[in-house]
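Chain nomenclature is as follows: A, B, C and D, assigned in order of appearance, with residue numbering initiated at 1 for each chain independently.
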Amino acid sequence: MIDFSYTALILLIPLVIFVLSGLFGNRFKPLVSGIIGTAGLFVIWVLSLVTAYQYFFLTEKAADGTFQELLAVNIRWLTFSDKLHIDMGVLLDPISIMMLLVVTTVSFMVHIYSIGYMHGEKGFMRFFSFLSLFSFSMLGLVVATNIFQMYIFWELVGVSSYLLIGFYYTRDSAVAASKKAFIVTRFADLGFLVGILILSYTTGTFDFITLTGDESPAFTSGQGIWFMGLSTMTWSMIFVFIGGAGKSAMFPLHIWLPDAMEGPTPVSALIHAATMVVAGVYLVARLFPIYTTTAPVALDVVMYVGAFSSVFAAIIACTQYDIKRVLAYSTMSQIGMMMFALGVSGDGGHEGLGFMASMFHLFTHAFFKSLLFLAAGAIIHAVHTNVMNEMGGLRKYLPITHATFLIACLSISGIPPLSGFFSKDEILAAGYEKSLLLYWVEMIVSGLTAFYMFRLYYSIFWGKATQYHHTPHEAPKTMTVTLIILAVITLLAGFIPFSHFVSSDRIPFAAHLDLSIALPAVLVGLTGFFVATLFYRKETTIPGQIFNFLGGFSRAAYHKFYIDEFYLFVTKKIIFNYISRPIAWFDRHIVDGAMNGLSYVTNEASFRIRRFQSGQLQQYALVFVSGAIFLTLFFLYLWTH
Amino acid sequence: MSFLTLFIIIPALTVIGILLCKKHMQVKWTAVVGMGLQLILAIGLIFLFLAERRSGNMDEILFIQDNVWYQTLNIHFFIGVDGVSVAMIGLTALVVFAGIFASWDIADLPREFFTSLILLASGVFGFFISLDLFTMFLFYELAVIPMYLLIGIWGSGPRHYSAMKLTLMLMGGSALILLGILGLYFNSAPDGGPLTFDLIQISKIQIPVDAQLFFFPLLFVGFGVLGALFPFHTWSPDGHASAPTAVSMLHAGVLMKLGGYGCYRVAVFLLPEAAHQLGWIFLILATIGVIYGALGAVWQKDLKYINAYSSVSHCALVLFAILIFNETAMNGAIMQMISHGIMTALFFALIGMIYGRTHTRYINEMGGLMKVMPFLAVAYVIAGLASLGLPGFSGFVAEMTIFVGAFQKIGTFYRVATIIAASSIVVTAVYILRVVGILLLGKITNPEYETITDAKWYDKISVVALIFGITLIGLAPLWLSDMITGGLGPIMQKLLAVAPILN
Amino acid sequence: MFEGVPLTWFLITGTIMFFIGIYGFLVRKNLITILMSTELILNSVNINFVAFNKILYPDHLEGMFFTIFIIAVAAAEASVAIAIIINIYRRLVNIDVEKMNEMKY
Amino acid sequence: MQIMRHELLLIVITVILLIVEIFLPNTGKHKIILPAILLMAAVTIIGFIPATPGILFGGMYQSTPFTVLLKNILNLGVLIVFIQSVDWLKQDQNREKVSEYFLLILSTLIGMNFMISSGDFLMFYLGLELATIPIAALAAYERFKEKSAEAGVKLIFTSALSSGILLYGLSMVYGTTGTLYFSDIAPLINGAPLQVLAFIFFFAGMAFKISLVPFHLWTADVYEGAPVNVASYLSVISKGAAVFIFTIILYTVFYKIAELWSEVLYIIIILTITIGNLFAMRQQNLKRFLAFSSIAQAGFILLGIIGQSQLGMTTVVYFVLVYIFSNLGAFGVVSIISNRTGKETMDDYDGLYRTNPNLSLVMMLSLFSLAGIPPLAGFFGKFFLFTAAAEKGYYILVLIALINTIISLYYYLLVIKAMLLNNSDRPIGYFKSDLYTRIGLIMCVIGIVVVGFTSSVYEMIFNLGFGLY
């Protein structure tokens, strides 16, 4: 039995780096802090590789052949009651290790990349300390042993994303975006919290192993109808999913993601493409047994929301011009697919194909999407704009970027034999088994994906040769290297026999490639590709015509279906003007007015009675005598009755 | 003779020392030394207490000292601490210490300023250590009165009005408390025997329920006024807005806790039946207060008003948690008091420092301060994050304990109340980030701010001390929560005796 | 010579005098007259005492003594009062009570 | 001899002073000040030597340790008043009449002493008048001030009226019981209508001395018109003495109709405290202000009496003691300031702290003590008064009183606001108060601070007063 307690280092190292660079960062040179951060991440990366190797290959499986869940570390952090307590620890099981690999790898890449990308930026040190803070939080989230630890790190990733989006804090748009991101996710987190409260109340535990174990209290208790005809568990799972939806930018909580692109590109690559945004998926996967066993309704919600978000985002992505926004929407759509996959999945064996597919897609998507973002970063770095119309014909200036970008595009469009093809294929297969309609919806989505990705690709690298005031040049080594590494991973990741490692019930199984699903998928992908080629390889007017032909719809899509405007209306108008302002007024005038009113009344009274003190001796005497006589009569009356 | 007496003696000596001082600097340093000693003493107390507990000394109250004071009325000078009061004392010492440094550049009548400040502090310390209702009340008023001078002389804005309003409202509260205490006193021996003010002794006996029903509202509202119970909170915005920095710190950080502590230690502890029967009324008020304060803060433009309203919200959360009557929530209430105490003190300290540099508290008149005063700005962001309940800071621990505890309570009424209260965390995020965004981020709006200097050494001391406090609790809350839980035993017994299904 | 005169007559007389005194005190403007009204009040009291003593409790003389003392004290009071009145007269050349309202409210 | 030591000693020093006065030239009357004060101090000190209790004149005069204590308290107060009034007496317009001041006050004090240890109503009445009439002369002391004369008139006439009414009541008591001795009257009190009337009239008479609403109207004017020190004497000593004897008579004579008089008191307390506060709120002239505040304080004192218990009795005495210190402190400051600058209104006090910090501090302490702020003696006094009233179950009454304490705190804070918070462009300039004033004020401050903390004072009163109720 191997001792995994060293995995605690995976959390500690970035924390230490963050604290150090946060406190003393400005003592030493910017570059140094960059180096330190990267080195730290390298160590963690190696550690997680080792962990993965040891876990999958050296640790013996449990009796029933499952990968067992190991509590590598578990320290009591806070006690609520004898039953309920928060522990801080490291939980090792297939998905957490998978996420470990993803996070550390991408984060490591991004660190290297950033050394080049952020070079000479003001606040270089700050950037890296925030990066390590994020890595710490994300890793903590991934390896959480109980739902409350997850919630804690959940909040932490939220704040580090806030800090990183608002990195250029002098730019108002960035500040606004970061604020938006934080508040929207915070709102979702409230849902998550309520979910946790209900869950902990019914099951009396936070612990994942207990919760998802075979005789979980969640299965026994919490079945009773609680509210509006749904069982306690269903409600709690729905609330939890709201939290997940907020982080993973599912409709209608997605609005923060596009704006989040205000952050530096490496950040977008790390947080808003590969790691944090998939936390929602990971959360649902974490609690998957509960979803399948006791909250099928909640699972359906996940499915529908996922499906809708994927198609919704895909449509918008076709209409955007800011390359990062396109990528953002594509991320949203891809995550929607993952959610969808979870939603359609059953539990155990081949039933759990969707689960596996979702995790697989998460895995591959993390790499090619971060690759896309980093490449985009390289492009922006080269041409200092991120509007695609102002680009074109860059392939001869940026050969490496071009090549890697192309690979990523093919991969995301699901063209074999790239990694995207395999994972997406599994998802479609899983969807096919669940519901035909949604299967086709996802087909369309993958078609659209291919279309808008290549729309992006062509309008950046081909199309008209735009004149740039200074010739774009390839990015520095630190950046290109990472691009290449990621491209390689993207090429190969698909061949990992994923289902042998990750499955809903942790029992390895063989997921075979089903041509009846694969072929149409590929075909759809290719169609999208060809249409895009047709439209955008050269300057054509077709897209414009189509845009106008679709009229209102396309305009709506261009305006992201006015969701932002709606939110703005609700927050600014309703809450700010019609709730908060009246309350402030009420407090000043009614509540406070009552208090001042008291004093006013007293003053008034004291003024009114002054004439009793008229200074007239005889009036005094009158009061005196009448007082005496009145008392006498009063008490004589009182006494005789 | 328990060493707890030092908590009153040291401030007294400090005051005398200050009065003897001639020079400005001497005054300050005397204050620093005195309150530094106090802080050390408090930390020592915490360690001693934990050591005692670890060594298996499970008495309800530790370090008892009991001297008869007024024989005929059976008034004692009876002091002692349990986990809860130890925590509160620690909080007080920290905040006062920071407050001394935060008011380093008081120019006008420094001697009088520090005298009143430390008088206030001594009142608070006395309140927390005393177990005799009479002395408790004595210290309570002793803590409230210096406020008038502190705000009235060294305050800003409509300081005379605010000072008078604050003093009178708080004294109104204390009037109710006095009546309640008398009620307790005369019911303290239902079956003959000498009457007593002794809190512990009273807690052992059973006060007639009809008496309880009469006196519980008096006591709860009386303390609630200081605990900013809606709708008796309106002294808080004005008072805080007009008060000088250190005073806001002490007031919001410590004095308002007297209210919560009193509700917990006197009203609920001694009158459990009434608390159980009437609790729901105040629970509704508290819940309103939580959300109302938060929403009220969103609209404000004056930094101090924003923080005052957020204090209303947070303190209402304390009362809310107390009224849930189960151990977890009660624990959360105490922790919330402490965390909010440090947090809001930090806030007011920073606001004061910013005001001292920009000479305005209106957020729209400021902007982009992050560039010119990074230290203060970062500290402000930290305070903000702590206040919106970010993990790693004390606020999160307290709030989560409260919410989890409250949700364990049977009954849809409580569930709904809990969820409403919990929804305040979103609103909090809104107004905190609004301020941070307008105040610190963005470009510098006012050119004359280009030349502003960052924090001085004394500012840094007070800020760092407080930040250390919140992060310490935020990162390692277990010792604190265990210490507090240890102190909750008796009250839980009484409450459970009233209604067995409270948990 | 007073044999057979019932107590109540004395008391009624006393009461009437008492209220005449009060009335005079309340309505007369001249300080001296007001002083005289107070004397009336005191004398009504004297009548009461004497009457009680003579008719109800003839065996002790407390009432009588009290009366005598009252008379004496009244004299002293009157003297002080008159002294002050003279002083007033010196200040503002009349002794109208209504003039004396410099201090009020 | 031993039994009525206090009275005799006072008479003796009065006579001595008279004789000394004869030999003093008109220009040098103020030479009498020092001997007067020294003698008074001596008397005060001797007073604390335990005296043998006893009864004289067939019960007309009775002396118990308790009455001795009361007399000592009064002596102490008078001593402080003397010391405080030196600065004023030394002014020119008082040059010829310094000695009268002492003589008159001493005679009133003798009257009070007799009143306190009176055993029957005759003695009581004599003491009362002796304690009242000279004060009228004192009120009109400043011959050349119209206000002073007006004050004298108002005092003498109202007191005449009130004593008339009181006597009428007494005559009824005599008529119904046939005796004037307290001990004989007590068992015969049975609440017959005539006795109700008798009691109410008697009560009215006492209420005039204690200045309870609605029998209080003379107070403010007299205080304002009279010299400050006379006003302070009126507000503490004569009021205190009246309270003492009032309590004693209620408890020893009328205890059988306690139900009646507690109801009367109930009403009167509410009236007194509220009206007094409401008037005090608006006052500008500090003497008037203190007058109304002292009315309100009297109302609080009654809270102790209505308690009808050992506790209540003790607390009344205790509170009067505290009240003497606090009020004399306040009056002392007012008097020294009005002597030096002639300023008596609140606005004149703006920014006083900046120029005369010590005086302001004394003033602040006294006012806080009056308002009942810990840790000053006033707090303890008030607290015990409330306790005494609550013991009988008068919670509502206590609540009303408590609400009134807030109003009173408000107007006390107004003065403190003027002194500490406000800034004035032409504040009262700095002046160095003379030794006597300082001693007087220091005594007050010591009293204010110490009496509360040292429970022994309270315990002593409690033990001495034992069995009286």
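The rule is short, and it goes like this: a contact is a pair of C-beta atoms (placed from the backbone, for glycine too) under 8 Å apart; a residue touches a chain by one contact, two chains touch by 3 or more.
All of these numbers come straight from a predicted model, not from anything done at the bench.
Visitor: Using the contact definition stated above, find the chains touching both subunit A and subunit C.
Guide: In this structure, the chains that contact subunit C and also subunit A are D.
Visitor: Mean of the CA atoms for each chain, then the mean for all of them together: which chain is nearest?
Guide: Central chain is B.
Visitor: Rounded to the nearest whole Å, what is the centre-to-centre distance of subunit B and subunit D, using the mean of the C-alpha atoms as each centre?
Guide: 42
Visitor: How many angstrom lie between the CA centroids of subunit A and subunit D, rounded to a whole number?
Guide: So the centroids are 78 Å from each other.
Visitor: Taking the mean of the CA coordinates per chain, how far is subunit B from subunit C in Å?
Guide: That gives a centre separation of 65 Å.
Visitor: Express in whole angstrom the distance between the two chain centres, defined as the mean CA positions of subunit C and subunit D.
Guide: 27
Visitor: Multi-chain contacts in subunit B: which residues touch at least two other chains?
Guide: Expected reply: 168.
Visitor: Can you tell me which residues of subunit D touch two or more of the remaining chains?
Guide: Within subunit D, the residues that touch at least two other chains are 153-154, 157, 161, 165, 220-221, 282.
Visitor: Multi-chain contacts only, two chains or more: what residues does subunit A have there?
Guide: Residues 610, 613, 615, 617, 621, 625 of subunit A each touch two or more of the other chains.
Visitor: Looking at the whole structure, which two-chain pairs count as touching?
Guide: All chain pairs meeting the touch criterion are A-B, A-C, A-D, B-D, C-D.
Visitor: Could you list, by residue number, the parts of subunit A that touch subunit B in their complex?
Guide: Listed in rising order, the residues are 76-81, 84, 148, 151-153, 155-156, 159, 166, 169-170, 172, 175-176, 179, 182-183, 186-187, 190, 193-194, 197-198, 200-201, 575-576, 579-581, 583-584, 587, 591-592, 594-595, 599.
Visitor: Which stretch or stretches of subunit A touch subunit C in the complex?
Guide: Subunit A residues touching subunit C: 610-611, 613-618, 621-622, 625.
Visitor: Mind listing the subunit B positions that touch subunit D in their complex?
Guide: It is residues 69-73, 75, 134, 137-139, 141-142, 145, 148-149, 152-153, 159-160, 163-164, 167-168, 171-172, 175-176, 178-179, 182-183, 185-186, 214 of subunit B that touch subunit D.
Visitor: So in the complex, which bits of subunit D are touching subunit C?
Guide: Touching subunit C: residues 121-122, 125-126, 129, 133-134, 136-137, 140, 143, 146-147, 149-154, 156-157, 159-161, 163-165, 167-168, 170-172, 174-175, 178-180, 220-221, 224-225, 282, 288 of subunit D.
Visitor: Going by the contact rule set out above, which residues of subunit B touch subunit A in the complex?
Guide: 165, 168-169, 230-231, 233-235, 237-238, 292, 295-296, 298-300, 327-328, 331, 368, 370-371, 385, 388, 390-392, 396-397, 400-401, 403-405, 407-408, 418-419, 422-423, 425-426, 429-430, 433-434, 437, 440-443, 477-478, 481-482, 485
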